[in-house]
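Next up, some structures in structure tokens.
Shared between the two complexes below is chain A, which has chain B as its partner in the first and chain C in the second.
Entry: the complex of A and B
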């Protein structure tokens, strides 16, 4: 009987207990996969949206509420005069509850601004001009609102005709209602106001020049912040909080897993004092006994991690289909996250096995054989 | 975009149900706590949008409406206009309420096509748009009542709350005998409100499900659940937007302006 057989046989000796321990670890790992996958998907969908639209710099005012504060749209003209600004466009975006649907993004965009360019019409057409009382809706928003081309949608107090269903190539865009800026300003009571200025810089502009552009904008208009699109996720406190919350919640689940494995391994050691005594009498070194216990707990962790990944992936899939999340974000299950989760599970196994392993190493052959 | 960071709207509303003002956790006297909450309620001119879901008892069809609230809350005087924006066939249905210190609230309701009804004090216990809220709930500021006392502490939704007990004085015109509020002392947000009639029977409970930042950067209840013991109905209020950059005239709180859905700038 070799070392590995002893490890597997001892885990298999109590299949119910081993299975329950596996369930404990796998729930913890599933929590990691689900929560971190959601947070990461959220970040990626925002980054993808910015990439697709081709925004290099975002100007907004995050003071106050949950939405960037509206500011005068005339600011755009001044920003457009600055060097390294190839295209500048304005957006008024609000999260609104539309008809019977929960919160969704409504985006009023400057007519002919570059933020319209990436929208691909799947059905219908784009609005004819800035004055046509019409909207296009992302395909996810169309599903949520149960709208098709030719229907009307009520935004605040006004009705708009749905003239097109579009693919915005990112989950954020696909979950939005998009209309011409003046129409949205009128209906939302924000005449002459916007809450984003999006800037595209010439190709091959180096990062230092973009940083300088941001600084110039902030010097000209101290009330706003200009952020490089690539840094929105990294610098945003909101994203950091989402990440921290998902990891800290996962940590609690992991701690429960650690305690479960530790309990199982302690029970195993106590039940096997006789066996350990024989192994010691046969000449096994103490460190080999320690290694045996650690291997058992690491394998428990590994198996729990694998089951947890499968459970977590399933949970993400289900969450993706729920009405609350559908269209709002795209959960992300990357290879990196899977490897991270499995490493955590194995780590949990090893850490949980340390104390039982230490206890087993303190046994003496004579005491162990006495039982 | 960044706005998504703070997603999920906010919204407060319900005048006296929602208040805010972030402070550090500290010891409060009942008067001090009530004073701060009352001051937070009196936030001047505002417009709030919210989604109201009314679940009837016995599991019938839920009613869903979008509501716009124009409010002017000043020391000694509160005026509100509640207007239905959706569904389309009820758009414009509205009511107007006004309450001055020491007097009973009064106002008018407007139903389509052109029915204007006067709301007298006896009707203030009637339901707002068929929900579990009464007219009085949206205009009354019980934090300004004479008698305020602390009745202990309790954890609500993992938030350690102070329980503030408000009782009306002889000059406070109300239908309620006692109102108990579970207040998060750090954020100065009510996590629960229970309203009792003069006989001590619980009439209405309002639980805060979610807290968000207002446009003024203050914490406010963004999602509320209203229940009436024994009725079996549940009303959920999900705020989507609150703005204080509006300026009303006296005309905006008159009967002719009641059905005007535009937001004055």
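Entry: the complex of A and C
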């Protein structure tokens, strides 16, 4: 028998209460995993999309929340004149409810712009030209919308023919409906407007020059922000809000977890007054008793954290399969998040054990033995 | 303040109490009303008296399980209430035996005996070995892996006695050790305690309200209402220490 045996034996002694506490913590941790996993999955999917398409700089008006505000497409011509802009193209992107899908990315892309290049036709073909009333859809979008080549899809008030199903090599692309810019401008009522200008710089352009390019664009057009692809996630308000929301919701779940463990540990300490009296009479230092209680609550946290990670991972998997999420983002369960969540859980355990541990160390041995 | 390590020979009494007072509930319950006593090294002393006269309270003060309200109480010249490390004192200088055994219910007999050893720098194997030896000495080697609930009262008290000896204390404080036992088991436990006391030259303080049990001692202290009323030495005069 060693010290850990003693810790585990006490937890094991009340299996029902221990399990209920574990459920409490694990739900909190599962919430952390799910919410933060979704937010970071969203970020990762977008980063990956930009990377696959080969976008180096994005110009947009960042104030519009999740989807930036539209601006005049004429800006593109000015930007294309700047040095270090190898390719420049415009995009009008909206999140729309399309037929049965409550949220779908619809991306109107300047015809012959480089954002079409990485799309691989899996079935059917690309639109013939910018005026053909046709769309291609990513393969996830095809699944969600249950569309085949030759079907029609209704966007806003108009119908378009699905001429191709494409693989865009990123979840965001595969979950999108892609069509020529003018068509989308017309149905969405944004004639002459776009909300993104995507820029590709020549290969091996150093980062300093890209920064300079961004600064020039912002100087020319104060109403927009030009952001390097790698920094989009860090600077965009939408991403920041998503992240903050997921963490603050998680925090609530964590607080509930703390109260649960604290309650359990307090009950444990009250119930075991007599036992603690025995330990004191047998020469256990108060410090060791504090440590015993803290270890118990830390182990509760650790176990709850592990169960929570499993639950959260399960929840993410389920979400990944739901039509709304599917194609929008790839839920992300990184090793870092798992470690973070487990550390939080152990922290929750230790913090909740502090007060009960302190209480237990204040007992007078003779009184504890009587009670 | 400090005190000497176990078995260091310090001339003078092991315990010395002077006008020791203990009141509970802000003075409304005077449990000890001025106890003065001396206990010499290696003595076997019984404390006897009616229920509620303060015997357990006195033992708790001696064992640093509670603090006196006033008066002085010394262990080998060091004030017990002022001990720098009361846990070390409880764990290594004294051993406790209680009427209700106070074994931990979720631990086996052998594990219970190991509990006091956790404050010593011993390895797991050393603890296990020592617990085995102690249980052997009290005749419980066949019960190592049993939970206390599976044991008879006499066996539980043997386990508790083994546990009280875990860290080789110089003093045993036994509070009605036979109070929960039938007469046959009581006799066996008293035989065991007497044997251990002589073999290990332990100072044994035994609280009882049973004169027969108390008369095993070299000296009997009688208490009433929180005071010592008389003392006698059963061996000196007669088997009836009635004053």
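Basically, the second predicted complex is superposed on the first by the 353 of 371 C-alpha atoms of A that agree within 3 Å, B and C clash if a C-alpha of one lies under 4 Å from a C-alpha of the other, contacts with A are read in each partner's own complex, and residues count from 1 in each chain.
Please note the rule applied: contacts are C-beta pairs under 8 Å (C-beta built on N, C-alpha and C of every residue); 3 or more make two chains touch, one makes a residue touch a chain.
On a predicted model such as this, the values are computed, not experimentally measured, just so you know.
Applying the stated contact rule after C-alpha superposition, one finds that A:322 touches neither chain B nor chain C.
Once chain A of one complex is fitted onto chain A of the other, the partner contacts of A:60 are limited to chain B, with no touch recorded for chain C.
In the superposed pair of complexes, A:239 makes contact with chain B only, with no contact to chain C. Contacts of A:156 after superposition on the shared chain: chain B is touched, whereas chain C is not. Contacts of A:102 after superposition on the shared chain: chain B is touched, whereas chain C is not. Of the two partners chain B and chain C, more chain A residues are in touch with B.
Shared-chain residue A:9: touches chain C; no touch with chain B. Once the two complexes are overlaid on chain A, none of the chain A residues touched by chain B in the first is touched by chain C in the second.
Residues of chain C touching chain A in their complex: 57, 60, 63-67, 85, 87-92, 96, 98, 102, 104, 106-107, 110-111, 114-116, 118-119, 124, 127-128, 163, 166-167.
Of all residues in chain A, only 42, 46, 49-50, 58, 60, 62-70, 93-97, 99-100, 102-103, 105, 154, 156-157, 159, 172, 189, 191, 195-196, 227, 232, 236-239, 242, 328 touch chain B in the complex they form. Looking at the complex, you find that chain A touches chain C at residues 1-3, 5-6, 9-10, 12-13, 275, 278-286, 288, 364-367, 369. Those residues of chain B that touch chain A in the complex are listed here as 1-10, 47, 49-51, 64, 66, 68, 85-88, 91, 212-217, 238, 240-243, 245-246, 261-263, 265.
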